[in-house]
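Both complexes below contain subunit A, partnered by subunit B and then by subunit C.
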Partner chain A sequence: MTLLEFARGPALQVAMIIFVLGATWRFFGALLLPWRLAPAEPRKGALSPIAAAFKGVVVKMWPHKPFQKAGMFTFVNGYILHFGLAIVVFLFAPHILFIKGLTGLSWPALPNNLVYTVGVVTMASLVAGLVHRLRSPVLRLISRFDDYLSWLLTLLPVLTGLLAAAHLGARYETLLAVHILSICTFLIWFPFGKLMHAFMFVFSRAMTGVRMGQRGAEL
Partner chain B sequence: MPQAPKLAPTLGELLQERGVSRRAFLKYASYLSAVMALPAGSASALAEGLANARRQSVIWLSFQECTGCTESLTRSFSPTLESLIFDLISLDYHHTLQAASGEAAEKAREAAMAENKGKYVVVVDGAVPTKDGGLYSTIAGVSNLDMLKATAKDAMAVIAVGTCAAFGGIPKARPNPTGAAAIDEIITDKPIINIPGCPPIPEAMAGVVSYLVSFVKLPELDHLRRPKAFFGETIHDRCYRRPFYERGLFAEGFDDAGARQGWCLYKVGCKGPVTYNACATLKWNGGVSFPIQSGHGCLGCSEPDFWDQGGFYRPLSTNLRDMGPALAGAALAGAALGAGAAWASRRHQESYQREQNPNEGDKK
Partner chain C sequence: MTAKTTASGVPYDAQGDMADKDRRDAAMKGFVREFGAVAAAHLEACVRCGMCAEACHFYVATGEPAYTPINKLQPFEQAYHRHAGPFAPIYRLFGVVPSVTLEKLEEWERLIFDACTLCGRCTLACPMGIDIAELIKKARHGMFKAGLIPDRLQLMDRTARAWGSPATPADDFADIVREVGEEHGVDIKVDRERADYLVTVAPAELTEHTKALADAAKIFNKAGLDWTYHSEGFEASNIGYLNGDTELQEKMTRKIIDCAVKIGAHTLVLPECGHAYGAARWEAARWYNDKLPVRVIHMTEFLQEVVASGKIKVKPVGQTASFHDPCQLVRRGGVMNAPRDVMAALGLEMRELENNRALTWCCGGGGGVVSNTRADPIRYKAFELKKREVEAAGADRFVTACGQCRITLDLGAKHTKWDRKIENLLELVADNLAD
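Showing the complex of A and B:
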């Protein structure tokens, strides 16, 4: 069995199974917990829970005015990173074919050269994020192993994907196999670390909105 | 006075006899040097080496195969200098091409081995069945396995022609009922050159034989023992449809608008990105076309186990295994685990609250 066969076969299969099992475990485990609010009556004029949940999700998409100066880099870089990742993952033709093979769903792809460019920007954004984290004493203090591992496991598929596209460093089939294996590692870690925020962030923001809304806090 | 034994004519003399001019011969040597990416000046060395070489004894063994490799070499287009080179080597044993049959044929092989001990080249097409002592394919009562071992024992080098000989090919495809094996899995003490392909490109075969005869050494090989000159780059890298891949323009089927416009065949399963061969540059039938030019994706036939890569029409970026049931099971198991964890957490919270407020129930 070649490395590429191993990557496309058993490695990907095991990684996908762990990913699906772990993600549904954490997803249902969190959502089926009691949605308990403070026992107090909602403050007069407070938003309804649904409106507060919606507002909680939306207003967090941009920093409050007092935090704009300090948090602008994090927000802008975060948007570049996340949009970049979304484009690279979901609008690259070979990736769409992979998703189609799994789900039967497909959609139009972007030209490869454009995706490669976005990949480079995404990688630069990841590196900038790490530098920012390391340079900030506060961020450094609150960063844990999970943060750095999640960063590394996000970077590797982007890096190896770009190397495979450019045929740099090794034969193409080796680079492709390493790229797939890096995705396998990403998938295995995804449900158990902070990467899970991709599924949970909407719910956590919504719940924060509901709790804050009930107390009459301005969101 | 005893006469000195008459030496066999050289290739140059034989070609001259056949009316091949020196100019045509040099042109052919230059062409071979170019396709093998030999350094400048090698063309004359190759021509000289070829011209002065005596007829090279070649024993061609055909095992588990379809004769497609021989067909490719002898019938692809003719007459050419390649075919003349093959006519002019001393093909002492070849099932398809030799006139002798039966015991006479086997005797010819044994005689060639004895006369050219240590100097003859063994060309093999076809895989070798190894299961149950190799009884699944025999010639004149001798198993392919034994015949290969015996013939290769005193050979100068072994050339495995075609993917079956080089990597096991179709006979080795799962479940491999005959235990088919590649030549280099059996012969481990001789120089081996693999020229895979289903079938291999005739120029690759001619180039390697010419190189071997001229320079009496192996050409530069890759990690799969393939000559780098012909197997150094992927089909994808040299494909004329590559710009469509970069632009994201793909044929979705074999009869859609994209296919008619000659767009990239990646989505319909082309294995060009991981296939090392010279089809896209040398092409077939004298440079007329190659599979992708004819509208079909590359099957990856010069790569090991190309038959077992999940299907010819399955795109390269897809997984090799059917994951549907396994993923559905994983999702159900994950949901059950999550529900169980939430239930346990609720129980724990309730119990904690009861501990904190033991009289809460009484107040109500």
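Showing the complex of A and C:
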């Protein structure tokens, strides 16, 4: 079995199983704990819980004015990173072919050169995020091993993907295998670290939306 | 009660004579009880972005990273991952997340109690929607169980348990309000067997701001309403809510609501106190099968009602004014327009502070911080943020609607020799009632 066969075969299968089972376990392990919402008569004219939950999710997409100056880098860089990752993962032709092979679903791709550019911007955003984290006394204090490992395991697939696309550093098959293995490590770590915020943020925002919404308070 | 210092030099207080292990276990049990799905969703969503730091008056005023709101939750979060989170058994088995040590809890006492006013500005700043203020309130429950709260708050807790109020014994209440009525020439109703409105008070109104008792009476009388103060249910300031003492919180809540039911009141009016509103308006229903048997409103909402309905008329003051939005009333309570409507009726031209309504800076004394003298130095620093905004607004008058905010701002003004009078909305209305 070649390295590429290993990466495409058992490694990816095991990683996918750990990702799906782990993320499901963590998701339900958190959300199946007892629901203890403080009951109260809602303010007259308050949003319904569903509307408040939705508002909570939407409002938090951009900071309130007083927090914009200090938080602008975090927000803008965050959006660049997340949109960049989404474009690279879901709009790159070989990735779409891979997904089609798994699910049968496909959609139009962006031109490869555009995706490469987005990949470079995404990497720059990751590096900028790390520099920001290391330079800020607040972020240094609150950061944990999880923050740095999650950063590294997000960076590696982008970096190895770009190297594979550019055929830089080794044989293409080797580069592709390393790229797939880096995705495997990302998937394996996903359920255990902060990458899970990808699923949990919706519930966190919505719950605060419901709590503050019934009071007629800002979100 | 003994004032102590951790090995790393952080002062803390400890109550009771529990063995170290028992104290730590009590905190963990208290924390674990709080880990429901809501707390879990919040704790699982943090990406350590640090946005909450810039929202916290204590961080902004001091530049001290430890005051970053999410950092104040560290032992609580650690306990979640070790004892309640989805991977807790694995983390415990392999020691991935260590036990929270007693020393850590002692060290964090100052962050959970001294350096947090439960004001919730961080909740507004968090891009993940984590309600940090609510989680810190939950963390206080475990700290209280472990006897790890500031001595000053514990003293108030004991007093409230014994007297029914941190300010005065219930037996003395009727005499105090009658004396205040005589002093101000106002007919004060107290201990009536039946009334439509039960009016409650805050500790400051029984000590520094007794005129507020007469002011409320004056307005209720003028509006021609059927009302009373009552010795069996007068104290709305819920020290259990602040201290993490849920047993006392329930007791204080039941006292005023049961009293209102007993006298057949349809409305319970809370005093000008922010956290009284949080405790009675938004948390009380859990002890009444999820539905309160009486309407609960804040004094500011009452003023808005009687002004809007024409039950009272006010004279125009004709000056400019700035309003300090009490966090528990406005940001956490949703009462944003009522104070402004009343001030408009008074003919006051608003000069809003730069951060107003839900985004207001906290006075720095909420959540029990003003009563906790250990926090004085950082409270005075936080006060500077408010002071700067008030000076920049340049209004003639500076008004608020919370007795605790007023005391905090008064103390800050005195400390910095700032020549500004801080007024309460209730007083302003009572002093300007039209004939």
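Annotations
Just so we're on the same page, the second predicted complex is superposed on the first by the 208 of 219 C-alpha atoms of A that agree within 3 Å, B and C clash if a C-alpha of one lies under 4 Å from a C-alpha of the other, contacts with A are read in each partner's own complex, and residues count from 1 in each chain.
Heads up, the rule we're going with is that a residue touches a chain if its C-beta (ideal position, glycine included) is under 8 Å from a C-beta of that chain, and two chains touch if they have at least 3 such contacts.
Just so you know, these numbers come straight off a predicted model, no measurement behind them.
Residue by residue along subunit A, subunit B and subunit C are tallied for touches, and C comes out ahead.
By the document's definition of touching, of the two partners only subunit C reaches A:F75; subunit B does not. Applying the stated contact rule after C-alpha superposition, one finds that A:P34 touches each of subunit B and subunit C. By the touch criterion stated above, A:H167 is placed in contact with subunit B alone, subunit C being left untouched.
In the superposition on chain A, A:R26 makes contact with both subunit B and subunit C. Looking at the shared chain after the overlay, A:R211 reaches subunit C, while subunit B stays out of its contact range. Comparing the two interfaces of subunit A, the one with subunit B and the one with subunit C have residues 25-34 in common. By the touch criterion stated above, subunit B contacts subunit A in their complex at residues 234, 236-237, 245-248, 250, 266-267, 273-274, 304-305, 309-310, 314-321, 323, 326-327, 330-331, 333-335, 337-339, 341-343, 345-346, 349. Contact residues on subunit A toward subunit B in their complex (touch as defined above): 2, 4-5, 8-10, 12-13, 16-18, 20-34, 93-95, 97-98, 100-102, 109-114, 167, 172-173, 176. Listed in rising order, the residues of subunit C touching subunit A in the complex are 35-42, 44-51, 53-55, 59, 65-66, 68, 70-71, 84-87, 123-131, 134, 281-286, 290-292, 330-334, 336, 355, 357-359.
Of all residues in subunit A, those touching subunit C in their complex are 25-41, 43, 46, 56-57, 60-61, 63-67, 70-71, 74-75, 78, 136-144, 147, 192, 194, 196-197, 200-201, 203-209, 211-212, 215-219.
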